[in-house]
């Protein structure tokens, strides 16, 4: 492919780097997607009291562990950003790998949790609460997987000291994924 | 296009690190392009192709309405499910695969970098990806009409439970494919929209301030933001509905604790801003054309901009006027009547401003100008008839009649057809370096504008007399089989045939002039905005030297100057 | 204006038509004014007559008053429309006047089921008369309807009554109407409900009380006797049950 | 070159996209009319149980026409409990007499599809019960036009069961004036209880459809 990089990419009329600006808009559009899903969930939750019975079967401990894991991994993302700011690519990559490890453990805990629930007969078609549970957590899980994939690519670059600014962007995205979970956890696990 | 300009582009760009320009292969240049103009063209041609399909569908079901039960040439006998699937897909195609790609993606891609004076989008590869996802969605949609059971037939709003279960809609494959196509299309436009917004925010030419940005760019950006802010809930809803259809969840199934009205809220929370998503770029195109051919500064630039933003914000709080009689709490209807009538205020103001622009001008009625004026004239009718539906009291009667249909076609046809034609005739010299034939353009104009009224004025009449929408045959309703109503339906259909026939002239004109038309210079209309600084057609990299911006885009007939225009890039002397 | 297109046969049809007329007059006035201004400007300031354009920015107060004043008047018209619209809406959808009788309406794919309360005037009793696609009413009596849907969304619409309400599965929606003219009118379904949507539609028969009585008598439960009583025993014997 | 390639691609796509429809226009009217039925009864006329559409292909022409006429006049599908009938009725309403004849002829010429067994009853008892049916429907359930009795062999068993119940519950054939044949059948069905219906339908299932000479 043509390798010429358009001048447009280098311009910054707002003073914010283009990549970061775009990332904020991505996060903005993601917020409305999750917002729509959670608003629907809340609306129906308030309509039907019976959902609290279904919700009492969720595994709060697993949820709490996952919250802790995600928060820790966010901390590593911050450390990675810090390292990248100082130009230490390999260190940043190391922290990113730790963050990916956090995401991975999150998914493992999630998998164990879901296995337990499915073996107890709570599948996505059981009732609307469980449909929301699997849809919302599944959508969030996809974002975790997507974030981890991007992070892997960025860590690969960062070891070679390339595109270090991206470490900050993926960190932002990871915080967003984290915050979505912070909303999901009380709404789905704690509210009984 | 754009082969001869390469050398110049390469020269101009060397200084900026564009060293290794080389000839691109056909595949690189036209199939997997990174150039915003080619991607814009891809959107334009795909959109027009889909538009033709949508128009042929309208031919099928209008023939059925006018001559029920007769075999329709090219289509055969129209069965009810075929009729429903035509109606559904006509609506979806015209809005999601014709109006949006052409108005936002095609004009946005082509115009934004040129008008803000830079060489490309900030994310060329995201741009290409967005088109490819869009193309995939279009392919899925077309394929959905040829699967067993046929295309989805539950209306473009796809209200569950009808859309949620094949037992009700009898399209086990068509419905999920339709939904998947719509969801993919949304993703494509989210990617495109992010690219547009970031490009405008960061890549403007030096010196271009907020009020120096051409209105059409503003409008496309506001539309992109509106789209981005409104589509999220519907994407979530689409996932939920897709699960309902395919794996048997019950989000919208009342038997299993779901709520069908929830979908309506999710849909219309997106659906109403969507109207403004396509309306604003069309208004922007008209705002570019009026000053050029009236040789006059746009009346109250800031008012237009701020009314557009106000309309956009208000459009988020009016959605339930689509649901007055849908089983929502009747008290809610009062609130939404207020907001709906309120939204007429900024739109009225904007249209008054457009009319005001013509005052004291020196108007040359070229083809694009005719289309632009027709846009205002027709859109006014669409706007005023909307009040019948926004006022809750009369909506009880008019809801879901042909009156609604005629109303929104009086808004969407000016938007997606008349304004698009205006834009194509106006920017054609920039796109292909040649003029379109003005005489045949005018023939096409009259052949579009007059039959258009011939189609939808009778439908206002039948709608007010009680014709309800999406019926494939009215034989069960004696009240609706009076001779005057039948005549009105036939009149509308024949007008449609005339209008479709005149579009052939456009296509011949378009493709002939693409290769054989009269050559146009860089600035054939003597316009101010930056895209006319670049050569026609602009080469890869657009400008020989990237322009700086010195003034607003509409400085026409400034007193004390010899020429009646003052390009944005010309330094003040 | 509306009545020349379609008969008005309910107590509130006139009020809804009134809203339509108010919108038509006010909206029509502004539409004509705007179109007239548009075409006058196009004609008056054509290139051949006005070769040199004026330079008007439209940013001064003096110039903007030409926009602001019409636009304030439009706002005023909006308020007038709002008052009429909300009054009609409130009367039709939010009020529930004392009613004389009840009907239950169930939307099926693709037919209306109308459950009349029968001679006793109460729903849910044995003498309910339930028919497909025929709604029988007595003129000048106020009816409360209970609207349901059996499968998908439907919309219970009686154009001559200027009345419409969607039927939502899982809900029962109540409302009222009062027919004021005898005759036979269409009851289409006006919400997409599947393949047969276009043909789904019943008739409402607005009767005088005498006619209604006749109809009700004709619907009196038929004798339960079946034509071939004897076969019962044969089957029992041969089937060995 | 590129431009003409572009043009060729566009027009080919347009042409190919609409070719199937364009050819369908030249088809004969019966096949066109049958498209009306396909969304529920299927392209092969084998029916679709979830939407309540029975197998119709290969039924005798007279029977199909009679039933279409009943749907057209709301004799069938005019009862509030007849959910599937209410779905068929609007389709019947759209067909005038000529179209009913045409489509009935077309459907009767289609090969009779095999139907899966979905109900399970006691064959021996069913055989006993079938003696009542035999008089009209024939020993092999092949039907008898003279007595207005349709063939039952090869019909969907779930459909037979539903119809028996409909007859018994006065949902079908309840009006002696409009539907005398149905009324006669209703009298028979009224004598059967749920078990007997199950048994007799299973028994009818056991018949082998005779290879019909066409």
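Should a chain be cited, it is by its letter among A, B, C and D, assigned in written order, with residues numbered from 1 in that chain.
Heads up, the rule we're going with is that a contact is a pair of C-beta atoms (placed from the backbone, for glycine too) under 8 Å apart; a residue touches a chain by one contact, two chains touch by 3 or more.
Keep in mind it's a predicted model, so treat the numbers as computed, not measured.
Each step here moves to a touching chain, and the least such steps from chain C to chain D number 1.
Of the two interfaces, B-C and B-D, the higher number of touching C-beta pairs belongs to B-C. The most distant chain from chain C, with centres taken as the mean of CA atoms, is A.
Inter-chain spacing, taken between the CA centroids of chain B and chain C, is 32 Å. Averaging C-alpha coordinates per chain places the centre of chain A 54 Å away from that of chain D. Here the CA centre of chain B is 46 Å from the CA centre of chain D.
If each chain is reduced to the centroid of its CA atoms, chain A and chain C end up 48 Å from each other.
Shown for chain B are the residues in touch with two or more other chains, namely 80-81, 170, 259, 473, 475-476. Within chain C, contacts with two or more other chains are made by residues 109, 195-196, 198-200. The chain pairs satisfying the stated touch condition come to A-B, B-C, B-D, C-D. Touching chain B in their complex are the following residues of chain C: 2, 5-6, 15-16, 19-20, 23-24, 27-28, 30-31, 34-35, 37-39, 41-42, 45-47, 50-59, 63-64, 66-67, 70-71, 74-75, 78, 81-82, 84-90, 92-94, 109, 151-153, 155, 157, 159-160, 162-171, 173, 184-186, 188-201. By the touch rule above, chain D contacts chain C in their complex via residues 39-40, 74, 77-80, 83, 86-87, 89-91, 93-94, 125, 128-129, 131-132, 174, 176, 183-184, 186-188, 190-193, 195-196, 199.
On chain B, the positions that touch chain D within their shared complex are 26, 30, 45, 49, 52-53, 56, 69, 71-77, 79-82, 142, 146, 148-150, 166-167, 170-171, 473, 475-476, 511, 514-515. Contact residues on chain D toward chain B in their complex (touch as defined above): 2-3, 6-7, 10, 13-14, 17-18, 20-22, 24-25, 27, 29, 32-33, 35-36, 38-40, 43, 50-51, 90-91, 93-94. Chain C makes touch with chain D in their complex at residues 106, 108-111, 113, 130-133, 150, 195-196, 198-200, 222, 226-228, 231-232, 234-236, 238-241.
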